[in-house]
Each structure stands twice: as C-alpha cells, then as structure tokens.
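Two complexes are shown next, each including chain A; its partner changes from chain B in the first to chain C in the second.
And then the complex of A and B:
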C-alpha cells in the first residue's frame, strides 16, 4: 500500500492549547479512512493542514510525497469539504449554488458536471438558490456535491453532513460508495455519526486531545473488544488474565469490557458459564477509547498484526 | 493564476459592474443638481469602491478559493492582476468620458465631474495613467486591509492604521524640519505643490508596489 498521505511528528500549537501533539499517520492510496474523535480532538486541524489551509508548528506532512502548503501540484489533486466552509455569499448579486459549482468546475480537471447536477437533484437543492439563504443541511449538500463531483484523487470530508436528514445522509453514503467504486480515490471522512458510517471504513484513525490513540484496519477492530456480562464469579473466571478496559457492577451482576479476539472455544465456555458476549460497535469503541491512553500494544498493535 | 481570475469573475456584475453603477448613480445626482462649473468630487466614489472591492476580494473570496485548491500566492497574484486590469480599462473609460465632458462643455450642463483639478486635468493619456495608477493603488491597498483582517482581525487592522498615522506624522515632521513643506494650502484645496500630477502619479505607483509587497508578505501565512 503506497502512502498518499504521510504525517510524522506533526504538532500544531495555538496560544494556550495544543491542537495536535506528535501525530504520526500514513494513509494508503485508494482507501476510505474514518477520522474519529470528540469535538475539539484535532480532526479539523489535521484536515486543514493536509489541505494546506493551516500550517504545522512542527513535524512533517506529505501528500503525494510533497508538503501540501502552497504547493499547487498537490492542492489541485485534493479537495477538502468543510462543515464550516465560507462562501463569498456577500453583496449583490447573490452568490448562487450554480456559481459555486461553476467555480469548482474550472479548478478540478476531473470535474463531472453531470454528477453535480444529479447530486443536486438527489439532495433537492436548486442551482439558482442563493448560498446565503441555504439551510445548514443544504450547505452541507452543496459541500458534498463539490467534494464528490471534483473527483479529486484525495477527498477530505470534515463532518460533511451536518444538518442533513437521514435520507440525505443515506444518499451521501450510497453516492460515495458508487463513486469510489467507479473512480477509486483516497477518502478521509471525519464524522461523529460513527456507527452509521462504520461500514464505509477500511481504516479507522481515532484522535483524542490531539494525539492518535488508535490507527487500525476496521476489519481488525470488529470483535476486538467485547462486553462480558453475567454473574460476578463467572465473569471474573472468564476474564481472568485478559486486558480489562472497564468494569461495572450491579448487585451480583457485572459487565466487563475486555480486549482481545474471542475464539470459538471462548464462546463455548461463556455459554456454559451463562455469560453474555456482546462485541463493541465502532461507536462504543470510540467512546471507550477516547479519554484513555490506549497503549499501542493493547489494541492498535494487536489489530494491525 | 488564470483559474483565480476566472473564479473572481464568476460573478462579473459584482466585480466589474458595481463600481460603475455607483458612479453612474452619483453622476445622475450631480447632473440633476446642475453643475454650475463647480467640482464636487463625485468621481471619488469609483476610487472608494475599488478599495472596498479589494477588501472584499480577499476577505470574502479567499476561503472558498483555497478550498478549491488555489495557493495563497496564486490567489493573491491572480486577484491583484485582475484588479489592475480592471483599473487599466476603467482608467481608459474615465479618460474617454473626460474627453466627452470637455467637448460638450460639461455634458451641456457645465458639470465638472470627470475633470479633477490638478490631478486629472491634463491630456487623455495623463488622465488614463493617473486613473489607472490611482485605482490600482486603492484596489491593492484594500486587498492588504482584507488580508490583515483575515490574519489578525480588528486588532491587526487598528495596529496597521496606527502605524500608517505614525509614519505620516513622522514624514510630515521630517519635511517641516527640513523646510520642504510638501503640503501647501491653496484656495481650492490641499495640493502637494512641489509635485506635478505625473510626479504624484509616480509616488502613488511606488506606494502601490509597497502595498503589493506588503500584501504578499502578509498573505503567506494566512489561515482559513
């Protein structure tokens, strides 16, 4: 897997705050990566630096092998769709949806006007509508339209569907997958709706307080963390010797989150002990992982093996 | 750079039409009032709008421009080039309208609108040159304000204005100490009596280059 994005020791400091702290990351060509984390974790800062819109305080960032900042050769092959994208929607006459699309059309050589039109139709967005009068969801739809129709080799989505309803979000997932199948590209999708988008991800990167706490293949993560519930003695017996993330008890019952693959033999044993085994969803995994120092060996290291 | 210019012209009316529409409105008001040979400085509105356009073209258009893959350098160069091209054409139009104004005795109403005493009162090519340089200067100066605001916000703008006031005071003080007295009051206003209009145009051109360099240095680290 050739890395199209390579980040080493990336740090971004603001007065009184470290937004990114020694981030190391590689993202391969033709993959969909989920960039996950809480609000303020540093996801947007990372994407802005990758798109040359922000500068690192320290460390190295390479996209297509070169630093992206002020690098036209890199930036013309990359698009960043931001939740808070500012448009020149000021003054007279109005800056309309059609004008934004026209501007994008001569900035991206692979621009597909037909795709843009059909996406607008799917999202119910009129091309002659002034951007300043768009709702939050409609602005998101415009960003998604530009991001997909640009057909840029690296497509970065930062919370692209804020304000979109469930139907429109499904349109986005479906069109993203269809586009990805027809024109493979490297996609990084930052989102809070983790379980909804989980099926898209081939890789997952979790950022917490500016640090990468998890960087693993999505397939490897599935079934890697399990909640074991049942009587205290049985659970203790089953989980003995296994890494435990969390333990919650209620009377004689207890629920323990353990790390590690569950084998067929383990399942048999759990059944005989009367225990419930529930694999953590990606969203639950993120909730458990955020705020704790996940040692590289405890999860990321194992899943990548 | 060409892509940036095309991006800026995606709303041509906003860029090209607005200054001239405003000037036409001011001219109409002047014409309705009747000229009587008095100069009312209505032409200043187009210069003012070039400044405002310069501010907006950075402040409002940069974030989406960068989102579409432009670099700061190409965005700046493309926008400045477009503004200066627009100044070149507008200067020619002003020179043409001035010639018509002269030929028709102030549009038949004794209006002095396109003839600005001392500054734009010479042959057509001098008017063209001075208008071009003046409009370019204000556009580029406005761009610098837009960049400063984008980079450091209102505090940066206030600091920038304060520095300019200090520099102006220092120059004025130095001139008066040297006995040069660059500004001398005359009945019709304040003119730099020691300079001809073309020499003043040269000074404004030099200041434009300073503004271009300053804006370029400031935009290099702007984030959006």
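And then the complex of A and C:
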C-alpha cells in the first residue's frame, strides 16, 4: 500500500519536555487509523505537525511526498479538526454557522455543501445560529461537519467529539463510514473512546510518552490478549510458557492476563480445567500496553503483517 | 439496523464478540446465512460497503470476510457486479457443520456432564426426555 503519510525519526521538543521522541510511522492511502494514547502522550502534537501547524525539532515528515509545513499544495488536500476548534469571527460578534461553512468551502476544493447541510441536520444544528452561542457539543458537531464535508484526501480528527452525547457520536461514526465508502480518503482519528470506535479502524497506533509503542492491524489484535481466571493450579498449568502481562490473586483464585492467540484446542483445555477465558477489548489492551514497551513490542511484532 | 439503543457500543449493537477477529465473524455469519438458506445459491451477497455500514466496521475488514468465502469457492466474483453465492455452497457448508458437530456440541456437553457427575446413560435419558418434550410441543 502506498503511504500517504510517512514520518521518520520525528522528534518534537518543548522547553523541559519531549513531546515526540523518534517517531517512525507510515499511513497507507485510503485507510482509517486510530491514534490512541493517554492525555499528553503526544497525539495532538503529531497531528498538528502532520497538518503543518507545528514544526518538527528533528526528523522528517512527508504528506503526499512533501513536508506539510507552509506547503500550500499539501495543506489544500488536508483537513485537521481539533478538539478545541476555534472559529474566527472576523470581528463580527454574531458570526453564524453558515458563514463558517462558507469560509470552509473556499479552503477545500472537494467541499460538498449538500453534505454539510445534511450533517448539520443530523446533529440538530441550525445554520443561522451564532458561533459564539454554540455549546461545547455543538462546536464539536460543527467541526465534524467541516471535517467530513471538506472531503479532503487526508482527514485528521483530534478527539473531535467533546461534549457530544452517545447518539450524536453514533451519527458521526455512521456518517464517517458512509462518507468513506462514497468518497474514499485517508482518515486518522485520535480518540479516548476506544471500544466505541475500535471496529472502524483498519490500523491502530498507540503513543505513550512521545513514542509509538504499538502499530498494528486493528482486527489482528482481537483475541490476542486474554484474561484467564480460575483456581491457581489450573491457571498456572494453562498459562505455563505464555507471556504474562499481569497476575492478580484473591484467595485460591487467580486472574492472569496472557498474550497470544487462543486456539480451539486451548479453549477445550480451558473448559476441561474449569477456567474462564475473557478476551481483552482494545481499550483494556491499551490500558495494559501504555507504559509497557517490551510487551507491546512483542505484540506488534506478532500482529503487524 | 434499527436505530434503537444507540448508546451501546458499535460492537455490541452488531452483536459481534470481542475475542475473534471481525473479518472471521463476518465470514461466519455470511456462511451461516447461506447454510440456512437466507442467501440462496446464485443470489448476490451484500457488498463490502453494505456489510461495513450494517455491522459498523471498517470496509477493509468486511472485504476480508467476503474474501475468506470467495477463497473457499463458496462465492463467485462477477466482475463489476459483485459477489454471488456459488452453486453447491449450501451443501458444502452443511457438510462442514455436520463434521464439526461433535467438537462443537457433543464434547463440551460431555465435559460439563462429567463435571456434574452425570453418566452417559443418564445423559442419553436426558436428551431423549428433552427431545420428547419438544416433539410434544411441536404436535
């Protein structure tokens, strides 16, 4: 797959802090990637650098084959929707939603005005509402509307749904998939609501303290990490020789988190030993992986084809 | 899919489980639909994008699921039109299911029965009893 984004040795330092530390990453054309990690892990910095809004301290960043910073040719084909998107009012205190959409329509060559109004309708946002009076969730809805209607070849969403309720988020996921089907593009979505969005991703990239600790095919991670629980002896016998991430005990019962695919034979054996096998969701996997570079490395090695 | 219970997560809504790759689950569900006759031989299979929208999953994942069945010869690709259920697909799937019956149902049943101290004679009696009850209901 041709990479539309490629990042090599990217480091970004702030005074007294390293936000990104030797990040290497490629993102294939026409994929949906989940960008995961804790607050302050470096997700926003990475997206801002990809969108040319910030400069790398070291390393190389290529979007459509060129550095994005101050590069009109790249930036016209890219949109970044930020968590705390500000909309300029150009000095008009009653600057309206419709005006913001009009301004966006000048920036993006593939802008679809019909799509923008149908998204506003789905989110229950009126076009004649003043930007200043929008709630947090309505601001997010406007950002998402612009992000999707821009139909930019590279579409970056940085935690786009602060303040949106579950119904509105489902609207976003459904419209994202529909739009992606109609007008394929490369999407990177950073999110904390991992389980909710997990099935939308083709790939996931996990950043922890400025470093990429996991870069893998999302579907391949399903069933890769499992909690085995039951009586100590039986659990120990079952988990012998497997990489263990965590072990918690209570009386004669233990719960052990192991890495590796569980075969049908394993399942049968667990059943006869009276053990419970519970697969970890992507969200739980991320919690376990953050701050565990060695384990994550072995996981990435197994799953990224 | 109905838009009820939208606060549930994507995967819960589609009824997909956490421990198995999604592409395999898509393949399994299509196979079950063919085996049960819901998708007849010669009928068009939902497209990648239709499956992606329905299950709320990445289209590449849905495509991988379809390809599993195509590689097994259960689907035929007609260029520019889509995927269709191949002739003989239903019989092949039913034969496969039958072959897996012991592993999938009989073995776990025996395991649990042993754990509860239910011997094979008692187990057979229980099965007959349930079967008779069902027939009673059906009549």
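Here is the rule we go by: the second predicted complex is superposed on the first by the 295 of 305 C-alpha atoms of A that agree within 3 Å, B and C clash if a C-alpha of one lies under 4 Å from a C-alpha of the other, contacts with A are read in each partner's own complex, and residues count from 1 in each chain.
Everything below uses one rule, namely that a contact is a pair of C-beta atoms (placed from the backbone, for glycine too) under 8 Å apart; a residue touches a chain by one contact, two chains touch by 3 or more.
Every value quoted in this text rests on a predicted model; they were computed, and no experiment measured them.
J.: Specify the outcome, clash or fit, for chain B and chain C once both structures are aligned onto chain A.
T.: On the superposed model, which is not a single observed complex, chain B and chain C fit side by side.
J.: Considering only touches as defined above, state whether A:6 meets chain B (first), chain C (second), both or neither.
T.: In the superposition, A:6 contacts neither chain B nor chain C.
J.: State whether A:76 touches chain B only (first), chain C only (second), both chains, or neither.
T.: A:76 contacts chain B only, not chain C.
J.: Which partner does A:102 reach: the first (chain B), the second (chain C), both, or neither?
T.: first
J.: With both complexes overlaid on chain A, does A:181 touch chain B (first), chain C (second), both or neither?
T.: So A:181 only meets chain C here.
J.: Between the C-alpha centres of chain B and chain C, what angle is found at the C-alpha centre of chain A, to the nearest 10 degrees?
T.: 150
J.: Give one of first, second, both or neither to describe whether A:29 is in contact with chain B, with chain C, with both, or with none.
T.: neither
J.: Give, as a whole number of angstrom, the minimum Cα separation of chain B and chain C in the superposed three-chain arrangement.
T.: Chain B and chain C, overlaid via chain A, are at closest 27 Å apart by C-alpha.
J.: Chain A touches which residues of chain B in the complex?
T.: That would be residues 3, 6-7, 10-11, 13-14, 18, 56, 60-61, 63-64, 66-74, 220-221, 223-224 of chain B.
J.: Name, in rising order, each residue of chain C that touches chain A in their complex.
T.: 3, 6-7, 9-11, 14, 16-23, 49, 52-53, 55-61, 64, 103, 107-108, 111, 115
J.: Using the touch definition up top, name the residues of chain A that touch chain C in the complex.
T.: Spelled out, the residues of chain A in touch with chain C are 31-32, 166-167, 170, 173-174, 177-178, 180-181, 195-202, 218-220, 222-223, 226, 262, 264, 268, 271-272, 274, 277-281.
J.: Spell out the part of chain A that touches chain B in their complex, as residue ranges.
T.: That would be residues 48, 51-55, 70-72, 75-82, 85-88, 90-93, 95, 99-100, 102-104, 106-108, 152 of chain A.
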